[in-house]
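In what follows, subunit A forms one complex with subunit B and a second complex with subunit C.
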Partner chain A sequence: MVDVPKPEELIKVDNKPPAKGWMDVPPDISAGKYPYPAQPKSLKYLDLPNPRDWSPLDDDWQLPENWKEIVHEGLKERLDKYRSLKVFMDTCVRCGACADKCHFYIGSGDPKNMPVLRAELLRSIYRNDFTAAGKIMSLFPGGKRLAGARTLTKDIIKEWFSYFYQCSECRRCSVFCPYGIDTAEITMMGRELLNLLGINIHWIKDPVSNCFRTGNHLGIQPQNFKEIVEFFCEDIEEITGVTINPSFNRKGAEILFITPSGDAFADPGTYTFMGYLLLFEHIGLDYTFSTYASEGGNFGLFTSAEMMKRLNSKMYAEASRLGVKWILGGECGHMWRVINQYMDTMNGPADFLEMPVSPITGTKFENAASTKMVHIAEFTADLIRHNKLKLDPSRNDHLVVTYHDSCNPARAMGLFEEPRYVINNVCNNFYEMPESTIKENTFCCGSGSGLNTEEIMETRLQGGLPRANAVKHVHDKNGVNMLSCVCAIDRAVFPPLMDYWVPGVDVTGVHELVGNALVMEGEIERTTNLRFEPLGDTEGDSDE
Partner chain B sequence: MNGNYIFSLITVVVLGLLAFFGTTVFGLQYLFGVIVPYACVIWFVFGILKRMLGWANSPVPFRITTTCGQQKSLPWIKQNRIDNPSTGIETIIRMILEIVLFRSLFRNTKSDITASGKVTYIWEKWLWVGALAFHYSFLVVIVRHMRFFTDPVPYLISMLEYFDSLFKIEFVGEVVGTSLQIGLPGFFISGLVLLAAILFLFSRRVLISQVRYISLPADFFPLFLLMGIAGTGIFMRYFSKVDIISIKELTMGLATFCIPDGAVLAGLSSVFYIHLFLVCILLAYFPFSKLMHMGGVFLSPTRNLPNNSRARRHINPWNYPVKVHTYDEYEDEFREKMIEAGLPVEKES
Partner chain C sequence: MLLNKLLEHKKKEIVKKWFEIIASTYPNDTAGFLKKEKDSFANPVGSTNIQGLGAVLDELINGPDRETITSFLDPIIRIRAVQKFTPSEAVSFTISLKKIIRDTLAREIVEQNLEKDILEFESKIDDLCLIAFDIFMGCREQIYKYKANHVKDRTLKLLQKADLLCEVPDMDSDITPRNF
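Right, the complex of A and B next:
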């Protein structure tokens, strides 16, 4: 981990606004405060503008000659394309209801992390360039200021870079705004505009270009993807004695299963992946993996609508090529925003697929009638409800579990009860975090929307504070030692966040809990869980 | 210290003085009593139309509902039909609650970090209460003013006036003592609540440092303007006895396009002209300001769409083809390795 202050220091958040007005306070772009810029090679691979070597520390960001015009035209185009943007630019009354709803504001106290000010960063330019009030007021000396308008400068571009990459597009602010103003939408537009100038970050653009080429963010090539999954199967065999032979790119399978590649790569996501394998084996599902569409997540979402579409296209294309009936999707956060709110619109209609029907229970997933993609938590909840799984929840007895609602499945879908139903059936000790921090009020992990990069660890720890603090509450009160979630980014970023704020709490995907509880046909007596930790060790490994 | 509200305050005062001197010194009663009101009403109507059409002209490419409750999924899981609507009717109910009760604002919490390092959230209802008090009293005041533009006054408006003043009498009787209300014909609660609510909204803007920090002159201006309007209104009604008969002659004249003669106009008090002029400014200012939230709240895509885009395809009118990396290109790059790993391929080399 890079150098960060101690928790006792970081918790002392100073939220007193500076004496100077926000237009006069420059952003802090110093080491540790900015994500590394994208490398020219990823931009070139994706045919994106202005590939170059640059650093946010440079004075000159080597913007294109006509950068001002690009931003102006880009904003104009987006105002014409998105009613959301136009309405959100015009309707804010600056009531401040959204201000302390943002985890980055709560954790940093920096007023520009209040959603309303984050939006004003762009709105002030909009006022100047596109509104009558702004134009009239500009005629008077000092009038721009009074109108809340400003002329775009290179410094403002830097400010955008700083603050649009301190928003994790979690949409918590939009729950509380009386007009539903979604600052995530504004951040998305802001990032699109920056992308037009070639201002992007490595942690997003590298996965995006990998995904475009190899089908997944991590750049795992087909043969390696197969190897990794087979490696999981070996582990499963060792733990359970059950042999699993999953198929890849198999034509004629009934179901295509797609999950984030992060779970193929790093613990503890890998155990969730093993959970899927066990579950599908348990019910004898006729499914296949695809190496071409081997990514559930979509970092394109954090770049531009166009990039999101370019990456997402693989799901339907592959489903069509393989001739499956429908698609089942794994545990991931922003993936489900894309699937629930964008996929069918962008890349549909999926009329080559059929209405998803569970082959085990016969349940028709009518809520996915058009998109034809079902969330694994919906699928598993239905299986459990119909008594199709043999479960021994006592195998998870050493765990005291709580559940984190990932932002996107929560606020862009409403997936609340399905995962809870599953968890409550596979483990015996479950406690909810406080009301104001779960479900639609859930707090981001602090690292969503492509911010899960090491160099901005301090910002991430600040952003993760409200979530971690709620975990700490149930850790202290109920002895919670396991934080469960349905998101691959969560699984990657919670371990360091917990180590920092709430040592003694480990992280798991919901289907890891399922995998551990499943009583497989012909299995040997299990002595360890999927992490090779001895069962019956009531301490778990986390309570060292 | 804070230029933002000083500027707004001065602007409103200057506007008031303009009307005062315009009518007392320069004899511009016709301008302030007839021309400006007509111009501002026309400006208001066209301005709002232009703004609303401007919004409506931009399509809604994606269904970006903010879901604040359980989705509709499996039949045995109870859907939250209001906060996560899946049908048009449910969405309309959600919208009505938003518009009539400011439901999202009702959720408001205030977060803090205690000395022991605990992040706390307390329910902060005062903004919601203040906002409701402000908007509803304003609505009542507007509806009551319709008595100036109708003859005979519709029964509903008289009813509203009756209840509005009824509340007040009880209230005053308890708080101030009975002697005061005797000389006051039907003291209206709405006017008082309106002024109090505006003062509350103003003071939170000044006193809460975060809200002060985000405030622009454009946030103070409407508050001062409304204070001016409500203040002059209350002053006319209870302190300076204005000539209601002549005022109604003018307002009815405006409504029926049959303007009374100059003597009537000249006889009206200058307070009335200030009141009227500030209202005109409000109308003119409305379409180009944040007050357009009145229209925006209806068109907000995170609220006014059902969350059903997985069940029914939402169409994006500007959806365009993009450059993708096809399976064939992918296989071309990795074919050898795929064959070696025993993965099925479309073309054997």
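Right, the complex of A and C next:
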């Protein structure tokens, strides 16, 4: 036989990972695998503990001296405060139904991204510190492990940092858990505890502190916010010939409109903003913008209940100051989780506002009776249903559209049909992705909950794979070339995600589609869409 | 060619073993999941691999045409390029095909005196590995581009917003250099 080196000798890679228990596998905290930590100035501005310069690559994370006590007390306080946390800690039977439902697990293959193991990261400490079984079992050698308990160490803190920031708090896992255990809430608690030690990330704390000061994530000041919107109006005038003069901080307006600031500064969200402006002009809505409540997003949700409350209250304070009747909210994802799930107990009920009623159709939005805040997809769907919009869907004929259910509007408020109803009325080619990947089963974009930062692009691409895979399916099968959504984070993170996994698919907000289809009174013949792309151009179809 | 016929005949078995190799590059629990879950939407990594490997093997037997084989290999490497693999770990499964084929056809190789054909086929696998490496690098470059663009776009927008940029204004035709 010819003497050739054996193939496996040519390249010596042992790619079998060691079969260890999960507690023995350390997290990979190397460059590119962790989000950058928050700057001390943001923490100081927000009165958060332990501001310092540090790096996750450091051996010593400069924790406060009594860090163990802080975590123990912090967990105790939260167990007392939130019954749900106690239930989630106690009830998991480790059936594994959630294990393979997390997009980060599916995309990374890392077992600690199984929701059940993510929860165990915290549960193991809970068992040790707070349960009789954990305490008794720890008297025997190896007993702790048997009980699934472990003593808190600094390495465990590092592990928490790694894995609680590989969870986008999307709640997909909870849909499959027979007990309704919501690992997103466990992640939220984990992050709260880390915050007590001064372990937080830049991409969340920077927007939070900006939001606290100027009212929006980027720190856009009132005059700039106004300029940006006016700039959109100039573009709209050029495209449609229609002049729009929106008002800012106008007292006595009927409605306060709040949308994520991402729509104001990041393409393609900006076109969605133009869509809102056109819609409101079309129906002659009496509304105003606030230059302080210039942010619908609330990264406080990704920090702590307290921070979420602080940022949420700004919207209601502005509504009260301006004396509006109710609030209309734009296409945001997590803002709606805050409104629909937490606002009422945090800052509500907003009794100083009125029950939202559409001034155009008279529809009472009783679902928003307490929060007084209506989702724009509901509002627009109602307008269309009452035949109040003049639409030419053929202007969107070059698009073959699918719809991504953003996690929060879908799973935290059950908004499934309204966006679809709107889309189907403003464009002619719409295809659904497979049932197991939409509506309450929707796959996350992989970048929610403050993870949309570029240094962890690989993690985001892993997490976005299941979503992209379903888009690829309709792209290949039905020629889908446009992914629509109602979330500003989606609009920011899908373009690179699509470029990597499904080139040839672009991203749009639903109200950009609306804006393009609206036939405005007195408009000139449109030759381009809101992106200044020539109308009737079929480029989008053929670039696959 | 006899070897090709044999490969065609044993294709299913070879692809299965090849997929096992890929699955074994993940932790045990995950390997089990990748093999077990048949719904391609619940298990995109498993289904992309199993489909891709079959198509690649087909093309190796019947071609290979570089472009076609790249298109089949790309989705597999694209996934590995974002996961926790070093470059060599990401592409080494291609080379494992050599051992799989030699093991699967061990008897036939001796009996039918196929050593020369096997060596020829193995050089196709060497090419496959090089193509895999090209794809891997392409993917990594794409990822770096996203990271860089993000910073660039953001900075540009901020500078524009703060009115700190003094860009060359659009010029009307009457002040183009020709007219001076």
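Operating definition for what follows: the second predicted complex is superposed on the first by the 523 of 544 C-alpha atoms of A that agree within 3 Å, B and C clash if a C-alpha of one lies under 4 Å from a C-alpha of the other, contacts with A are read in each partner's own complex, and residues count from 1 in each chain.
The criterion applied here is as follows: contacts are C-beta pairs under 8 Å (C-beta built on N, C-alpha and C of every residue); 3 or more make two chains touch, one makes a residue touch a chain.
Predicted, not measured: the structure shown is a model, and the values here were computed from it.
In the overlay built on the shared chain, the residue A:Glu318 is in contact with subunit B alone; subunit C does not reach it.
Of the two partner chains placed by superposition, subunit B and subunit C are both touched by A:His473.
In the superposition on chain A, contact is made by A:Asp110 with subunit C only, not with subunit B. Legend: residue contacts after superposition of the two complexes on their common chain; A:Arg83 is shown touching subunit B, with no touch to subunit C. By the touch criterion defined above, A:Met457 reaches subunit C but does not reach subunit B. By the document's definition of touching, both partners, subunit B and subunit C, reach A:Leu465. By the document's definition of touching, neither partner reaches A:Leu535: not subunit B, not subunit C. When the two structures are aligned on the shared chain, A:Tyr500 is found in touch with subunit C, with no touch to subunit B. Once chain A of one complex is fitted onto chain A of the other, the partner contacts of A:Leu152 are absent, as it touches neither subunit B nor subunit C.
Common to the subunit B and subunit C contact sets on subunit A are residues 7-8, 11, 13, 15-17, 99-100, 106, 111, 114, 434, 436-437, 465-466, 469-470, 473. Within the complex, the subunit B residues that touch subunit A are 4, 7, 51, 54-74, 76-78, 80, 83-84, 86, 98, 102, 104-105, 107-111, 113, 117-119, 121, 127, 131, 208-219, 288-290, 292-293, 295-297, 299-303, 307-316, 318-319, 322-327, 330-331, 333-334, 337-338, 340-344.
On the subunit C side of its complex with subunit A, the touching residues are 24-30, 33-34, 37, 39-45, 48, 78-79, 82-86, 88-89, 92-93, 95-99, 102, 115, 119, 122, 139, 142-143, 146-147, 149-151, 157, 161. By the touch rule above, subunit A contacts subunit C in their complex via residues 1-2, 4, 6-8, 10-11, 13, 15-17, 19, 28, 99-100, 105-111, 114, 220, 224, 228, 265-266, 434, 436-437, 454-455, 457-458, 461-462, 465-466, 469-470, 473, 496, 499-501. Taken together, the subunit A residues at the contact with subunit B in this complex read 7-8, 11, 13, 15-17, 21-22, 47, 79-88, 90-97, 99-101, 106, 111, 114, 116-117, 120, 131-133, 146-148, 171, 174-182, 185, 212-215, 221-223, 226-227, 248-251, 291-292, 305-306, 309-310, 313-314, 317-318, 321, 339-342, 344-346, 348-349, 363, 365-371, 373, 378, 381-382, 385, 410-418, 421, 434, 436-437, 439-440, 465-466, 469-470, 473.
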